[in-house]
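I have placed the structure first, in the form of structure tokens, so that the comments after it can refer back to it.
Chain IDs A, B, C and D follow the sequence of writing; residue 1 opens each chain.
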Amino acid sequence: MKESATQIAEYTQAMIEAGRLFHGHGWVPATGGNFSARLSPDRVLITASGWHKGELSPEGFLIADLDGKPLDSTRKASYETLLHMQIYRHDSSAGGVLHTHSIANTVLSRRLPEIRLAGYELLKLLPGINTHDAEVTVPVFANDQDIARLAAQVDAHMKRHPETPAYLIAGHGLYAWGVNVAQARHRVEALEFMFECELWSQKQ
Amino acid sequence: MKESATQIAEYTQAMIEAGRLFHGHGWVPATGGNFSARLSPDRVLITASGWHKGELSPEGFLIADLDGKPLDSTRKASYETLLHMQIYRHDSSAGGVLHTHSIANTVLSRRLPEIRLAGYELLKLLPGINTHDAEVTVPVFANDQDIARLAAQVDAHMKRHPETPAYLIAGHGLYAWGVNVAQARHRVEALEFMFECELWSQKQ
Amino acid sequence: MKESATQIAEYTQAMIEAGRLFHGHGWVPATGGNFSARLSPDRVLITASGWHKGELSPEGFLIADLDGKPLDSTRKASYETLLHMQIYRHDSSAGGVLHTHSIANTVLSRRLPEIRLAGYELLKLLPGINTHDAEVTVPVFANDQDIARLAAQVDAHMKRHPETPAYLIAGHGLYAWGVNVAQARHRVEALEFMFECELWSQKQ
Amino acid sequence: MKESATQIAEYTQAMIEAGRLFHGHGWVPATGGNFSARLSPDRVLITASGWHKGELSPEGFLIADLDGKPLDSTRKASYETLLHMQIYRHDSSAGGVLHTHSIANTVLSRRLPEIRLAGYELLKLLPGINTHDAEVTVPVFANDQDIARLAAQVDAHMKRHPETPAYLIAGHGLYAWGVNVAQARHRVEALEFMFECELWSQKQ
């Protein structure tokens, strides 16, 4: 299967705009965060290493397979590519993955072993939830510079807990996904909103 | 009575701009919030279901009657349409209704049974108040996915307390209104400002 | 003495831009805040009543004398015009007065009888201060809907404390000034910054 | 060695954009902050005295030598020029120096004798750090209006602690640097982010 130039351009544009929006909120400081969109079952368009996510241009993206190997071997994929690929492998319906690095998700993920969200109307944005009267658990994984090992840990957790709506890495950030970049972006907005509410609600 | 295209275009533009402004403040995350403007005694222009309120375009609006039924039966009105219609039915002078979903209104509405606001200069933006030396109560209703039932509860409260200047739904957001979208927007700005002050003022 | 059209256009533009900037920071919610610039010893260009300060246009300004009387008697000057005029009368070097209405200045002015600022580098922006190693007191006046009475109180205080760099009205906001709009704006930015630092520094 | 007009234009543009970005975050209030870029081993392009860093234009910069003396003797270099020159003298690889003045860095630098940052993914943006599993100390110097004396103090500290990644002046702000303006900017973003996380994490 061959990706069309139109499809690539469209997904690129969606991620450039998500980056600008997230940067406006302070969710992708410095070179933090990374984004991807699935082009075909085994091809993913993903941000390249070292770009500022608030200032992306089409050159800031490359195509990789589900092992994280860039099709153009001269390009360097984002350091955390394997975390994206774990999600695409685990969930065949996943079409977009967005990783953000906000104040709220960093502070909470350093403080708590998992984040429980209950009673928020915005829970309805998450997969399989259709009422505020639900409780969702966002797991927090310890950070690890060995990304393959971290991806394996995430994968094992998701196999045990297929209802996992998103996850955090301590001191590092949020991974959220959806059928496309737009849905992933709405879930990021909903989760970051609820994290910020939790931060304000917690005793300090 | 027939709505003029000019009137529709003008109200649409006012709501698109309110959405952009509110999104800049973080008051309409994901697909949260919804907006409406009265076109005639029994016709309301209202945001359609599923749109991001910071990125509205004219296609994101539809016309409904006071029962919440879209004139164009192929369109889907916002899930919370009946809450807007309760306000238009209750207050014949209401010309615009805006629902926001901010950090401050979410945190406070989860914590308190009602919000009392006193001594703020911005109280003067609210209906019937002409001095800071007043106390206003913004009621908080429990969230409910049965919107007709929730609207009936709000209506019963407003009949008992006609001075209610606006209301909150716990974990869900603010409903405010005015003679037009501009006045509703100013009231939202004043209320969100006072809520944020309260959040900073409360013991945590 | 006759004001030139060029001078009026320049001052208008400076205040429109200050308004846009302040609104971006959340310092002029709804119709809160008002701005003025001195055109000649006894003529002041000032925002008209009821405008949103983030969306000013040239029609949003009028010229008044030091009694607050609009030259064009069909116009309505801002409700708080006399507070501006007190400053121009008290300090013949004052060329611009800006009143903001921020979360930080509202919360602090409701909590404290005066704000003491010490040890901030930005103190050097205030009149007569050339080191961070200084202590400045910003007085807080009780809010009063009788603006003439409030202006008289402010005036009596300034006569006793001519070193007053700016003042607050409880639950209402900040008044700051300078030789022109630019200097007043820098002082507003410095004061709002220090107020926000104080808010974060205080025990909650 | 002669600086090319192209190089000057490029560095000027990078600093103008950094200023706009930082001002959007509230990190350069009023005339706070200053920026520089090294043009050649002993020539530095630096912001002139008194400019608002969110509204820089090419006239807001001048060229100075490593003693802080402007090449054009009619210009006035920024008051804190010597702090920039200390960094360029100390670290021959330094190509850009950015000084910001944020709420978080001001509050923390007034409260703590030094800032310890550990366990943050963004630590990897700092010189010599390639894992989150590190601890970095950002020293805080007492503010001093005698900039030569303050620069000497900073210099003595850096000679003893060459691993110093950046430093704070109490109640005044952050100095960070990199091989060029882009790297310095990324470090500022990473440090300000971690400072803000610390502010939220501290008991108040």
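A few remarks follow.
Note that in this section a residue touches a chain if its C-beta (ideal position, glycine included) is under 8 Å from a C-beta of that chain, and two chains touch if they have at least 3 such contacts.
Model, not experiment: these values are computed from the prediction.
Two copies of one chain, chain A and chain B, form a contact in which under half of the residue numbers belong to both partners. With every chain reduced to the mean of its CA atoms, the largest distance from chain A is reached by C. With each centre defined as the average position of its C-alpha atoms, the distance from chain B to chain D rounds to 45 Å. Put simply, the C-alpha centre of chain C and that of chain D have 32 angstrom between them. Each of the following residues of chain C touches two or more other chains: 24, 204.
Because contacts link each chain to exactly two others and close back on themselves, their graph is best described as a ring. Annotation, chain-chain contacts: A-B, A-D, B-C, C-D (touch as defined at the top). Those residues of chain C that touch chain D in the complex are listed here as 24-25, 119-122, 125, 130-133, 186-187, 189-190, 192-193, 196-197, 200-204.
Those residues of chain D lying in contact with chain C across their complex are 24, 26, 29-32, 52, 101, 103, 106-107, 110-111, 143, 145, 169-173, 199, 204.
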